[in-house]
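Here come two complexes built around chain A, the first alongside chain B, the second alongside chain C.
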Partner chain A sequence: MVKEIERAGIPVVHICTVTPISMTVGANRIVPAIAIPHPLGNPALSMEEEKVIRRKIVETSLQALETEVDKQTIFEVKY
Partner chain B sequence: MNLKLELGYIKISDIQFSNESKVENGVLYVNPEDIINLVKEDENIASCAVDIARPGESIRITPVKDVIEPRVKVEGPGEIFPGVIGKVNRVGEGRTHVLKGAAVVTTGRIVGFQEGIIDMVGEGAKYTPFSQTLNLVLTMEPVDGLRPHEHEKALRFAGLKTAVFLGELGRNVEPDEIETFETLNVKEGIEKYPDLPRVAYVQMLQSQGLMHDTYVYGVDAKRTLSTIIMPTEIMDGAILSGNCVSSTDKNTTYHHLNNPVIHDLFKAHGKTLNFAGMIITNENVYLADKERSSDWASKLCQYLGVDGAIVSQEGFGNPDTDLIMNAKKIETVGVKTVIITDEYAGRDGRSQSLADADPLANAVVTGGNANMVIHLPKLDKVIGHINFVDTIAGGFDGSLHEDGTIECEVQIITGATNELGFSKLSAR
Partner chain C sequence: MGKIKVVHYVNQFFAGIGGEEKADQVAFKQDGTMPIGAQLEKGMQAINPDVEFVGTIVCGDSYFNENLEKAKADILEMVKSYEPDLFIAGPAFNAGRYGVACGTITTEVQEQLGIPVLTGMYKENPGADMYKTKVYIVPTKDSAAGARDAIKKMAPLGVKLATGQEILASCIDNYMPNGIRKNFFETKRGSERAVEMMIKKLAGKEFVTEFPMPDFDRVDPNPAVKDMSKARIALVTSGGVVPKGNPDRIESSSASKYGEYSIAEFDDLTEATHETAHGGYDPVYCNQDSDRVLPVDVLREMEKAGRIGKLHEYFYTTTGNGTAVLNSVAFAKEFSQKLVAAGVDAVVLTST
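The block that comes next holds the complex of A and B.
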């Protein structure tokens, strides 16, 4: 899906836990997620703490979308 | 001093119900009341029915959770399933008796959506090794309101306790055959076989949580670091399955006890290779865990100084990444690898087989394509519940036809594409 949307001319950020698979399948902008059963959250945290990490993932992704890349790039989230 | 384990095989030719539970002249007699009383010690289990399923009988067992071989420790330290049923103590030495040909199968209302089917006859029987065992089948239902994890645990313990109870019946029976497995320490192995290539076995254990779990001496494998274990410890039940999921390529407890990679490495040991050691590593859901565990698996291979390693996977999907990381990192420290996996290549077999890949993973043994479609006949008797066939993995809406026949992917069958090679699929 990532590749098809990009083929249509729209940049894509792939948020995913297993970034090596994202690299293998050819995503250009990759943001690491938390874990496979809960990619965008963490049930071990309080609601307030969870909101902070969720916002960071989204903000990192938006920054990635605005960033020019010349090769496959992983944008680490700064927690 | 070397580690030596003797397995004494008591060949079981039939299972029959009786007033007294015993093993006599190769027949396993079971008083079902003994089993029901044992299982119902756990107040989380509301009901337990006991059935016998023999090879060739028109019986379908589903949804299957675990399969366990009855064993008993008769000499040497420890007990079967140490840290779980037996006390925590080193196992893997002395003598263990095995009721060869018999198995305990657990079923009952579904816990996880990837539980399997065992057919004792017909097309489905070709794909599961447990169509060839004499099965004592426990159909257990939990008390109302039991959460899935507690439900899984209650059934897991009931199966293990039953297997230990049956194994105990073979304690004083003279085995028909004895097989000896000896593990040399690193120094002696090198001195004794200086010219043979040294090969390690790296076993990956399912540990994704959400009922994809494995236990090592009672420890949840997802909380472990990669470590070294003696292959004979596994024959005494050091590793057991907590998986309710992925019937086709999970390792049931029976698979662990009879791991064919270990048995084949022992057969080749001292002839074509030196079986230098065994490493276990997990398959967790955090990327950092995957990196750490594969780092440690490769580091242990490097430290043992082996020439080659066989890496077996359990399950599919994101564990493909753990598999590829292991292969890549072990190759990078100068150790040749062969990986054992299975494939999800689509019903026509034309899709990419694994979710991840790397040029260093260049030697692969496959358990087969789990997406292959098969057709199962109606069988006379169902043990368990037939109504989950559409919802367990490999089934789909309409899998179960009104006439009782089933159209499904082969992954619905327990053990069909097992990644230890404990299966019957072949391209020949």
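The block that comes next holds the complex of A and C.
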């Protein structure tokens, strides 16, 4: 899906846990997530703490969309 | 059993008529073989002496592709006139139009006349991708210099097909994988094979993986978003987030559809409003709070704070679990057009 969106002319960032799959599939802007069943959350934390990390991942994703790339790039989240 | 009759199809080049300048040669038939057919016949006779190439059909590559319907109909009649037990076309190696012609005509003969068919070509010949799931195609080298190798593989498979023997897995009977799974027992157990592969890999030798990755193409990245504070951002997920109750019944795996749902009314996804339809991962965390997969809460805050211009009213969702690449490509092609039409500037896609 990520490639078809890109092909349609819309920049897209892929938030996913298994980044090698995303690389193989061909996403260009990739942000690593927390875990497969909860990519943007962590049930071991409080809801508030979870939201802090979720905000960081989304912020990193927006920054990825604001960054010009000429090849597949993984944007690490700074926790 | 009597004679095993084979009809062979070749292009103008392999008929010795000429090259490109003779590519408009109209289809004709001739009893007996052409040189490459004679080699193939010899290869098959070595396995079963009853094989006989009764006729050869010759057609120019351009003529075939430019007069497709007439060429197909005429050649079908010619094949029928010999009442063969097997129809072979090529091998076409890496000749594109010849490969497409071989694939087209073998498919046609198989479907219309119910005769077993066989062809051969290089794996990158466009005819290979078009027809490998329809007819048996033996992978060959990319030029006629690989004729001997091609015949070595085509002859045994041809004999099997002509005599109605069971066709085994593609790696045993030497045809391009056609998507049909054949079970067989390996003589060595998995651990042994894995160690052998690893040793070959460490030694820098070639090895054949038992789990090849599908071929994925690449798309160049689009330019970055210039002004995020004015941008319309849409959410897409393969994590199966759906409104509570999964109103469109999106399948938990091998999805046949995607959903389009409004989030205009939501600042936060909760246990009461959303859940996941996705099988294959523990759904508890997403069912408790779907923001963990589709971060509506955070993006809504960012929208209010002016970090992004607008969170697009609709999100698009499906389950990525075992869903065919072709299906997901079709889904995304369709909703991407909606996103473009709605003026969406960028997409955040989440996967589980």
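Convention: the second predicted complex is superposed on the first by the 79 of 79 C-alpha atoms of A that agree within 3 Å, B and C clash if a C-alpha of one lies under 4 Å from a C-alpha of the other, contacts with A are read in each partner's own complex, and residues count from 1 in each chain.
To be clear about the criterion, a residue touches a chain if its C-beta (ideal position, glycine included) is under 8 Å from a C-beta of that chain, and two chains touch if they have at least 3 such contacts.
For clarity, every value in this text was computed on a predicted model and none was experimentally measured.
Student: For A:24, using the defined touch cut-off, is the partner it touches chain B, chain C, both, or neither? Pick first, second, both or neither.
Tutor: A:24 sits against chain B and chain C alike.
Student: Between chain B (first) and chain C (second), which does A:32 come into contact with in this model arrangement: first, second, both, or neither?
Tutor: first
Student: Where does A:44 make contact in the superposed view: on chain B (first), on chain C (second), on both, or on neither?
Tutor: neither
Student: In the overlay, work out which of chain B or chain C sits against more residues of chain A.
Tutor: It is C that touches the greater number of chain A residues.
Student: Once the structures are superposed on A, label A:65 by its partner contacts, choosing first (chain B), second (chain C), both or neither.
Tutor: A:65 contacts chain C only, not chain B.
Student: Mind sorting out which residues of chain A both chain B and chain C touch, each in its own complex?
Tutor: Residues 17, 24, 36-37, which sit in both footprints.
Student: Help me check something: in the complex, which residues belonging to chain A touch chain B?
Tutor: Checking each residue of chain A against chain B gives 17-21, 24, 32, 34-37.
Student: Which bits of chain C are touching chain A when the two form their complex?
Tutor: 213, 216-225, 228, 231, 233, 236, 238-239, 281-286, 288-289, 291-293, 295, 297-299, 301-302, 307-308, 318, 328-329, 331-333, 336-337, 339-340, 344-352
Student: What residues of chain B sit close enough to touch chain A in their complex?
Tutor: 208-210, 285-287, 290, 318, 320-321, 324-325, 355-357
Student: How about chain A: which of its residues touch chain C in the complex?
Tutor: Within the complex, chain A touches chain C at residues 1-17, 22, 24-29, 33, 36-41, 43, 47, 50-51, 54-55, 57-59, 61-62, 65-71.
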